[in-house]
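Please go over the structures that come below.
Next come two complexes built around chain A: one with chain B, the other with chain C.
For the complex of A and B:
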């Protein structure tokens, strides 16, 4: 079980998908391109990631390429943390 | 009418009413017809302290509590008859000065805030574009980094104060592929090379508040003039909108109250069929509805003050206030015209102008539809 991915999932469900089953939010579910996150909620997610995992997300890292799926975001966090 | 002010709010409100009656009560009909921006009124408002009120004392401002600032705005709305000037003052404060206070570096604040507060500089905000209004972060204006500068190219639409602006808070994307996370805030000198007010826009209402389209053509903006972090323009913009949505309609509260008092006086004095028209239920009911709207608007606006002063998020509450006040303002203005009959339709009675001015409120700072979207999102929908 990936702790980072689970923490992201819990945050996303609590903040943006209340009442949704965790099983429906998979690691590869598209968050932005799938319409789950809009501009403001994306910003909230980025801010959460920065504060919770003590990393700084640069602008070029916050595009949909790196920041659209839980798996990709978790990978970015691990990479930034040097794991 | 019990306005339920604190002592401080009442003092500021009453001072603002007195100031506005003395200094902001010119020939509004002519100013509206000629689309005249009241430069002298702007300076006098600055001398009264309007432009420094919400700015912290350590930055040279008056450091008033937000509730007191709102009380001032309500007082100005009650005492002044040029709602366009008040709209310009509000746009300057909430979408230019306050983002600079919240997101600016000490150097940026030292450079710009003194002039913005003393009235020698006028601020504007450029976010909307010809093809991105409600979908504002789909903007096309590009900021291309070249060493220590960004080069801005693009067009901004519906920029309040643009024809008279000295400083623009504006937004551009550093890379459209990043989506909203590419949007970045900038401070742009309104007189910089490549900044052009391409055309002044004629409007239905608020005609004394100048508005224009602004074109950026290879405008070189030093990196030091970026407002906030690269790619975090959404945060800067949304914080400015929270201020604007929550506070820009405070002036309307005063205008609505003055309008209601005038309508009540008219309903008592105007006689038809042998009695005051206020004795007819269809007229009295209008006045009751106008009072009810006003009384349900004021708490929503002052709630923003309490939340902001407590450092709490007010996104949903600001949208609720914006939605209800703007739509109530239109309804009250329509009722006022109807209540005055043919006279209400005449320019000299200044009610048709109030109606035209009110309509803009349902459009600027996010349309009523966008406010409902924000509120629905806040409900978890």
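For the complex of A and C:
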């Protein structure tokens, strides 16, 4: 079980998908190109990631190419934490 | 009708005349800086536009034709839009990040003779019948145009016979008068906005419309060739008309901001500081994000002299915060529908009192606009009474492209003039100009975009698993306006994720509903119409 991915999933469900079943939000569900996150909710997610995981996300890392799926975001966090 | 202005402005017949005059005066100065850092001087931009115009003419594009493009912000898109106008055709921009089906609908409705398509968006071509593709289809490689964004991995083949952008750029330039004499009543561009029945409508604007607005902007903001303009709005959004043509008329430098940076306030604030931008124009939404997330106190934004905003009401609390963080520039509230571009404006008096909650007035009429307040029966209202704002003058658009049925509803003849009914209800206040009060129809503004709730409904009603769909808009303390969808599904309630993805495929991001409510059946009035007041109450009751 991937703790980081699970934590991201819990945050996304609570903040942006109230009532949605966790099983529908998969690690590869497109968040931004799939219409789940808009520009403001993306900023909220970035803020959450930076605070919760004590990392800084650079602008180019938050681009839609690298920041569209839970799996990509979890990988970014692990890389930043040096794990 | 001809107003005083600079000599070049008064003589201009076309926005192309402004670029050509600037290229003669400022040929070596930088005209445009793209998001990837590449740039074009005035001489280079002029040469590229002339080559594209020559290419289009050689392909049979005639004056009055439409030339579409679906490109990210970049030097290519600026060269294409000037190239189209040099051939006396109108340019038709669409949202690079918009749904392929909607973009194809727009370019088909505009009946484009040529289409410039970024290769990463070739998925748009699937939405065209293969025997009805535009006569000229130009593939624009992504290296030229900047980031492919979300479409990086989605590349479909272009059909045989597609042209290469490089070949268009290498084409012999169109001779200055090669498309016949330019006229102020030539069509300059079509900007498509949300339509209430679900089909976007094309606002047809002439060179006269654009030039009268550019002259007004030049008069009020007195730009010089040392100014450094932001270009935050995408080109299918009418705010871009100010950025592009006011900047380039004066030999200033235009800094194109790509959509990704445009939504990333920390990076955007740094960009404004590093590029020492002097004139900024955007929606209040973008400025609100800068104030909240931009880390402005840590940056030197002292070069900024004008901050302009338009497209929606700026919540006073956020505007006060912004002006406290950045007190030096002059702040301007601009108002006007795409059909007239800006028609009223007001400078915001600073400082803003701490207890003020009332939004600022939209101000008096611009010098090139005439206004009239009429009641619902079409009679002028008494001084100080509320009425629908009607606009006349050289700013007034020609009509909705190919939709005379819509023209009949919005134009009125009065005193020998043609008036456009903005649909906006205002009141005139002595010394302050107009105060915006609201609308009586189902159009709302969000993030500067005009949204017909009927278009959102039509998209949801096309969903095979929904039996009924209706949407309502209600005020939201953070976002300004919230859109709630009320749905009666055929079977079980749909997954939120699936619904959001469906909306992303059908609608521009700003039009997607924020919340979804499920009903066994939608509430109806005694006359069997959808009971919107009941839906609004249900939405309000479900608010946190």
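Keep this in mind: the second predicted complex is superposed on the first by the 83 of 83 C-alpha atoms of A that agree within 3 Å, B and C clash if a C-alpha of one lies under 4 Å from a C-alpha of the other, contacts with A are read in each partner's own complex, and residues count from 1 in each chain.
Going forward, a contact is a pair of C-beta atoms (placed from the backbone, for glycine too) under 8 Å apart; a residue touches a chain by one contact, two chains touch by 3 or more.
This one's a predicted model, so the numbers in the text were calculated from it and none came from an experiment.
Participant: State whether A:42 touches chain B only (first), chain C only (second), both chains, or neither.
Facilitator: both
Participant: Counting touched residues of chain A, say whether chain B or chain C comes out ahead.
Facilitator: When the residues of chain A touched by each partner are counted, C comes out ahead.
Participant: Applying the document's definition of touch, where does A:51 land relative to chain B and chain C: first, second, both, or neither?
Facilitator: Neither: A:51 stays clear of chain B and chain C.
Participant: Please work out whether A:32 is in contact with chain B alone, chain C alone, both, or neither, and reply first, second, both or neither.
Facilitator: It touches chain B and chain C both.
Participant: For A:64, select first, second, both or neither according to whether it touches chain B, chain C, the two together, or no partner.
Facilitator: The answer is both, since A:64 touches chain B and chain C.
Participant: I'd like to check the shared interface: which positions of chain A are touched by both chain B and chain C across the two complexes?
Facilitator: Dual-contact residues (chain A): 19, 32, 38-40, 42-43, 47, 59, 62-65.
Participant: Once bound in the complex, which stretches of chain B touch chain A?
Facilitator: Where chain B meets chain A, its residues are 137, 174-175, 177-184, 229-232, 234-235, 238, 377, 380.
Participant: Can you name the residues of chain A that touch chain B in the complex?
Facilitator: 18-19, 32, 38-40, 42-43, 46-47, 58-60, 62-65, 67
Participant: Give the list of chain A residues in touch with chain C in this complex.
Facilitator: Checking each residue of chain A against chain C gives 17, 19-21, 24-25, 29-30, 32-36, 38-40, 42-43, 47, 59, 62-65, 68.
Participant: Any idea which chain C residues touch chain A in the complex?
Facilitator: Going by the criterion above, the answer is residues 147, 149-150, 152, 260-261, 263-267, 289, 293, 478-479, 495-498, 500-505, 509, 512.
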